[in-house]
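Labels run A, B, C and D following the written order; every chain starts at residue 1.
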Amino acid sequence: MTQIELPKYTAKDFATDQEVRWCPGCGDYAILAAVRKVLPDLNHRKENYVFVSGIGCSSRFPYYMGTYGIHGIHGRAPAVATGVKAANPELDVWLVTGDGDGLSIGGNHLMHMLRRNVNIKVLLFNNRIYGLTKGQYSPTSLEGHRTKSTPMGSIDHPIHPISFALGVEATFVARCTDVNKGGLNILGDVLKAAANHRGSAFVEIYQDCNVFNHQAFFYATEKDTARETTVLLEHGKPLVFGANRDKGVRLNSTRLEVVSLDKVKEDDLLFHDETDPALAFLLSRMSHTQGMPEPVGVFHRIHKPCYEDMLTAQMNKAIEQRGEGNLEKLIHSGSTWTVGE
Amino acid sequence: MTQIELPKYTAKDFATDQEVRWCPGCGDYAILAAVRKVLPDLNHRKENYVFVSGIGCSSRFPYYMGTYGIHGIHGRAPAVATGVKAANPELDVWLVTGDGDGLSIGGNHLMHMLRRNVNIKVLLFNNRIYGLTKGQYSPTSLEGHRTKSTPMGSIDHPIHPISFALGVEATFVARCTDVNKGGLNILGDVLKAAANHRGSAFVEIYQDCNVFNHQAFFYATEKDTARETTVLLEHGKPLVFGANRDKGVRLNSTRLEVVSLDKVKEDDLLFHDETDPALAFLLSRMSHTQGMPEPVGVFHRIHKPCYEDMLTAQMNKAIEQRGEGNLEKLIHSGSTWTVGE
Amino acid sequence: MNTSATAANRQFATETLESAVIRFCGDSGDGMQLTGGEFTTTSAVYGNDVATFPDFPAEIRAPAGTLPGVSGFQVNFASTEIYTPGDKVDVLVAMNPAGLKTNIADLKGGGILIVNEDAFNNNNLKKAGYASNPLEDESLKEFRLFKIPISRLCEESLAETGMGAKAIGRAKNMYTLGIVYWLFDRSLEPTIKHLTDLFAKKKNQPELAELNIKALKAGYYMGETAEMFQSRYVVPKAKLAPGKYRQISGNEATALGLIAGARLANKTLTYAGYPITPASDILHFLSAYKNYHVKTLQMEDEIAAICAAIGASFTGDIAITASSGPGIALKGEGIGLAVMTELPVVIVNVQRGGPSTGLPTKTEQADLLQAVYGRNSECPCIVIAARSPGDCFDAAVEAIRLAIKYMTPVMLLTDGYIANGAEPWLLPQVGAMKPIEIKHATEFNGHSDDADGEGNNVYLPYLRNENLARPWAIPGTPKLEHRVGGLEKAENTGNVSYDPRNHQRMVDLRQAKVEKVAQDIPPTEIQGESSGDALIIGWGGTYGAIHAATERLLKRQQKVGTVHLRHINPLPPDLGDIIKRFKHIIVPELNKGQLIRIIRDHFLVDAVGINKVQGKPFLVSELVAEIEGIIAR
Amino acid sequence: MNTSATAANRQFATETLESAVIRFCGDSGDGMQLTGGEFTTTSAVYGNDVATFPDFPAEIRAPAGTLPGVSGFQVNFASTEIYTPGDKVDVLVAMNPAGLKTNIADLKGGGILIVNEDAFNNNNLKKAGYASNPLEDESLKEFRLFKIPISRLCEESLAETGMGAKAIGRAKNMYTLGIVYWLFDRSLEPTIKHLTDLFAKKKNQPELAELNIKALKAGYYMGETAEMFQSRYVVPKAKLAPGKYRQISGNEATALGLIAGARLANKTLTYAGYPITPASDILHFLSAYKNYHVKTLQMEDEIAAICAAIGASFTGDIAITASSGPGIALKGEGIGLAVMTELPVVIVNVQRGGPSTGLPTKTEQADLLQAVYGRNSECPCIVIAARSPGDCFDAAVEAIRLAIKYMTPVMLLTDGYIANGAEPWLLPQVGAMKPIEIKHATEFNGHSDDADGEGNNVYLPYLRNENLARPWAIPGTPKLEHRVGGLEKAENTGNVSYDPRNHQRMVDLRQAKVEKVAQDIPPTEIQGESSGDALIIGWGGTYGAIHAATERLLKRQQKVGTVHLRHINPLPPDLGDIIKRFKHIIVPELNKGQLIRIIRDHFLVDAVGINKVQGKPFLVSELVAEIEGIIAR
């Protein structure tokens, strides 16, 4: 797309007159603010944005964006968004979903959209709970989590959204948090990186559900702990973390370990490589419950052709090769015979 | 389960009076024969087997097994099978599905069954095509594949079933081929290993669709090529392959490379570790089209508690803690008051 | 404390009422549901008949003070039998301007209006869209307005507890409840007991229990001492059927009924569900009852849920799934598989406003035609409906009974109104409940032509008994190994069959089987006249309103009779005869006319609908007016 | 070669027939579908009217020689207009014992039976379940049996080609076709041309083209020289409407009609589907027509397909999805979203035998009630049906036209019978086709109360035009940014609304909009009498049989009239009047009675159904008998 003269937008241009109706304190507010703030910087036309969602608290998102939008049905946003993008590849399509919407009922659609590499930006608000239906466990809820539907604790082994996305070969996979009171706030940067990726971009956002799963991610967002429990991924750079940046992550054969920078040189640490899917997969399994920092930033980024581009290319190629079809040609396209008067 | 005296079964005991109706030459026949042959060795009661399937050529499987069986609806076999296992954890539940049934319409159910680690043996017949509906491309069809629905070639990036299964954290992941004319026939061994795994066991079987995608896997099954294009995974052993066992696979940081055993010692090769998910993921991306042998055998095997065991345990614990519920107790379970005559 | 003694200390005018309708409303955060629930229980325990209508916003927590954030709870309590929460409100308690704004239209002229004066600040007034303060202009003059600075009074009375401002602020609903208790001369005891149970025992926060009890008492004393109210009201005990009662909501009753059905069959109950408003509570209740041999599976979606239920049913459990509109739509294909495999599964549909996502927290009755016809091809299933919260229990037991007797899926329709609403439930006598007999097949039941010898030597999974049900052999049973599936089945053997005549036969059999259920339907009860001007045919959660309307019509000497259907597919066999005895046939429904489609088709009678699709129940008055209008035509 | 000249060399008795029905049958591997198709095309090109019925097994390739592996193709060709493939068969060609066994019952007494004698070996006889060889006992004596060693003769005549035994074996269908061509004095040219196109051009195997052409000619000469047949038959040209024709199957016509609709609207067509029998061919056809501005998406399942279609529709494309029974059941929730968002989407349902997976390759008409009622809540969509293969074209154009005009989903019902069946199709005049006008919104259309100034300053996505349709602004249009979704919409603004009265209003509006379609329905055509003893009401793929039956009844002086509905929801506005003019109302359907439910409900008339659920179309004779029976009551 040529960057012709664009109006100068501000975050306010991306608001609507609809009252935002999340619970006070919900992490969704921070994400909404970040998205509204990032879009004006992207130099795309406002009327070309389409926000698509499913059903859930998070999926109310489109109502609060002054763009085109579809609040779909539960779990089906990836399919709706694929239809939008297939029909008009020029549009900037964003998809907002939750851990229930995107990974429970909608896991299959998400998987197929990602593997097809439809050029859509996916924001998965992971609060490890069903918010809108008032507090049942979700596919990312931790084992043993007591919720309305699991009074004796969840017995499901949770899914890791990043591992899932890598397993189905998404071309851009990233993670960040809704807020960050203890370190760098990378939400905006990750959103921009996703926006600039040509292909499916999957972003897991740790999001606080203030009502039904409060503080689930405080370890990763609060001042005291954030720098100890998270590590920022930067392509080509070593994995260093800690409030004093005194710790690092090292590769030992195919396993990872935390080392102290007192004892190990930075050069011996693991250097992040966004293009390596197996490395990204390895990183996706790090959990602060096992004493490992959880990576934030871009796990994986590679280039593959986009679905809608190929779809359009085939149509154009067919037109080129066989000539543009019209009604007359269509109707006479088989072998015919004539009956006289 | 105590191994009380069992009838001695033969493969024939697991046949039915229904005519097998696959196309002549279909790879499904070999798999059927292998399953019928393996079951008698497992020392389980015949009446405890339940074969569950979806819809597709492969999903006709239950009709040909002299066990209990459910030929379900398209894509939903994992859910049906979960219901069977939840209701009676003592049963031996096998699930037969295709690349369309299991990974297209049914991908989500499969994913959740695997992550929950329901103790079910999954045989995914991957023929990279929709057989029963007469030849459309499937999620595992290669890019550019011309089929009935893709006359100009498929534009979808295919999914890798093994990567998918690892991404959703299956506890047992394996691959084998329907027939093997060029090496060891490991189908039986893999089936046994799956049967003996306590948890979800996912087995991808390269299967020849004789009619709509013939020879798709000949590289991996035929005499000339099989030993060059596949490598057998054995826990704790190095990855050696080739008709003369003169080649190996080596780990270089987080990437794999093929090396000649002339130049590299076996000890420097990659040694397989079934318990390492990231290693398994790395192996799952090997493709003969990129000059790498494709692994067969068990990629990954770890132990986690099974869903149905925990489900039953919670029920029993509740009974233990709160006493067995009966009708009288149930009805009077709230706070009550009495209205006099 | 002996409150009644205290109350007796001073003299007030006491008015005795047959019934009264109170509505508590305020912000979602104001605890109105708890408040209303407490008043209801107290009144029920006292001996009134009660009926309730909780009405809460779709949002989890809409922004405080806004109109969409208003939560309401209405309770009707009476010394006679009542059937609805009441059309109009006698006492409205409004905790904030938004609550007042959205609810005032329902307050009777001359009704009592209690407001928390402190909440009527500029900010809140603006959020509610009031240009001026309604407490200070003339707009409320037709009501008996009591402006009480509840927030401040409550705060003051709790100041010495030393508890935080937030906890104290939250206690104002109990303060308010205390005032209302005083006004209606109610005992504080049930609420005190409940607060103790809830905070002290369950949540282990005895200090909160104490705080709330203190607030409750303070409110009560305020009523006593403030000389604000000129009179108190008494709603005497009702003459209710003697026995033990409890408050029960429809969803809880459904859960209990499902467990009861499984217990009567002496079977494990496997429930596979996926959360959806307003059906989720069935899952919540059941998952808390695991010690009743209950297994609950929260599946990945509704399709997985019905399919898991089918798997569990094949395996011999009592298999249940529940959902609401969109989720039930998703189950259509799965229900088809249950019809074809002839496995007993109960599907509960707690209907809500639609179409599509619609109005998730509102009630509607518009899934009847989907229940009867909403699957591909000829795919009959039994459809029954529950009429009231307590009735959900009986309906659930009936659903399981029919599913097993006829080996086929049963759809049980309830709705958001009865699912969330509660009523006093006369506990059924366990001794009077018939066991549900299940005889799993364990032996061969047929003779193969190919085989030598005599006697049975094969298992025919599609052989039929006198009810046209097939046998139910479950995995683990030696020798009866067999396969089921969604392809057409050969009669008796159950093998796959593409034979044209067999297909016709099987389609006919599945239909005939569902029609056989007519033999289980008791003679239809008629409320009122058994012939006359108008027959009113209702079904489901409109029972209360229709019953009350009928009573009123009968009192007004109208020649009306009313039947309320439990069984929708098939219909009661005697319904045709009853219909013939009336001049007008009237079918009130909270949809655009669905049961009426079936009635007209079956009986070729020019039935007239009374229809409302507003996410709200019928008012008795509107039914009465409409019916009289039709009769007068 | 000039076959007609050759044929003239010898003298044969020539019988002239008004029509003849031939059925080719044999193993799935025997190429019967191709054979039948060739005969059909040749006859059509010659100038006969033709009607066909292909009937193939559910398995891809059932084991050779078995009963389930039999594939059949029936063609009726005539010198008069015909409407069905014929009830009974005049000439049966059986390539193996299994084919004979499954088809012989349909051969007329005295009919011609041509068998491939070579295939009647012990092995094949056993597989077909014959105890003795029927060619050698008396069992076929009522037919004119021609035992021809087709395999051997074909082999011999192709021996010198040097081709492999497999290819030669496969050519025996062309040899057989040659015989039949001789018998009916048909030109070989069209088939020679087609074989050349198929093998030489498309598959680049000219040697196979040659081989098959050789076999074809050899068979023809065999007829000529073998003195086996005593006479030849001539079915003269029919008097057909003049113009250009082509053979077309229903699925192809549907595909073409969908493209035509998009071309008439000058829009890209986005088709999102998921393979399912018998609808898959629509996807196959469309994906071959990409140069007509067609995009085809094979999605991961049917739910994804309807949802992608909704996304494409929101974006401004002509959005289509198609499926069959189980897949349509899955789309219910999605269709609800389309109804709520008021977006034009066409959903094609190629109906098949059910319930559940049912009889995937067989036909049925049993999804009508699902189409009309099969979604949660009040969720009306337009329902139309196609009556014949060629009519699928018009119906598809009409579906797109209505969807756009009313901004709402349209369900188009076809069925396996017309989808797979083919008929000569008189090519429509492009000039006569009305363009489909789409005016996307590009400007503000309303004035906001909040705003200063005059003139339009907001976009109201739910404002309505005279057809009650809302405007269609598509992404990329500056200033008209708006959001749609499944929650209830406020009138005009389209904002989420939980307001009770708004909900009622919107439910009413959506219903009224669909009812408005009545204004587009032309006056109902009646075949036969416009008043009298019986009105026959049909719909969909039974048209041919009902039409033919009506002709026969009229010839027999029965006072019958027949209407065949294109529009099912809403019904034609004049249908009620027509119904009143007849004594009996008869509704034949390939289900247990579905349209009849709606007819009875709407018109309160005691309509009687003729129903058949055997996976097969009606026979004309059975319709005639049943209808006469009803009239005689």
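The rule we apply is simple: contacts are C-beta pairs under 8 Å (C-beta built on N, C-alpha and C of every residue); 3 or more make two chains touch, one makes a residue touch a chain.
Fair warning: this is a prediction, and the values are worked out from it, not measured in the lab.
Asker: Please tell me whether A-D or A-C has the greater number of C-beta pairs in contact.
Answerer: Counting C-beta pairs in contact, A-D comes out ahead.
Asker: Relative to chain B, which chain's C-alpha centre is the most remote?
Answerer: Measuring from the centre of chain B, the most distant chain centre belongs to C.
Asker: Could you state the distance in Å from the CA-based centre of chain B to that of chain C?
Answerer: 44
Asker: If you average the CA atoms of chain A and of chain C, how far apart do the two points sit, in angstrom?
Answerer: Computed from C-alpha means, the inter-chain centre distance equals 39 Å.
Asker: Counting in whole Å, what is the centre-to-centre distance of chain A and chain B, each centre being its mean C-alpha position?
Answerer: 29
Asker: Hey, what residues on chain D touch two or more of the other chains?
Answerer: 68, 290, 300-301, 303, 326, 333, 336-337, 341, 356-357, 485-487
Asker: Hey, what residues on chain B touch two or more of the other chains?
Answerer: Touching at least two other chains: 55, 73, 104-105, 107-108, 111-112, 139, 152, 311, 314, 317-318.
Asker: Note which residues of chain B are touching chain C in the complex, please.
Answerer: Per the touch definition, chain B meets chain C at residues 16, 18, 45-52, 55, 62-63, 65-73, 76, 78-88, 90-91, 108-109, 111-112, 311-312, 314-315, 317-319, 321-328, 330-341.
Asker: Where on chain A is chain B touching in the complex?
Answerer: Against chain B, the touching part of chain A is residues 104-108, 111-112, 115-117, 139, 152-153, 155-160, 163-169, 251, 253-255, 273, 276-279, 281-282, 285, 304-305, 307, 310-311, 314, 317-318.
Asker: Applying the document's contact rule, which stretches of chain C touch chain D when the two form their complex?
Answerer: 57-58, 68, 303, 324-326, 328-330, 332-333, 336-337, 339-341, 353-362, 364, 366-367, 369-370, 372-379, 485-488, 498, 500-501, 503-504, 507-508, 510-511, 591-592, 597-598, 600-601, 604-606, 612-616
Asker: Quick one: which bits of chain B touch chain D in the complex? Just the residue numbers, please.
Answerer: Checking each residue of chain B against chain D gives 19-24, 55, 57, 73-75, 104-105, 107, 130-134, 136-137, 139, 148-152, 211.
Asker: Which positions of chain C touch chain B when the two form their complex?
Answerer: Touching chain B from chain C are residues 41, 44-45, 47, 194, 240-248, 252, 256, 259-260, 263-264, 268, 270, 272, 289-295, 297, 299-301, 303-305, 307-317, 319, 333-334, 336-337, 341, 427-428, 430, 433, 474-487, 495-496.
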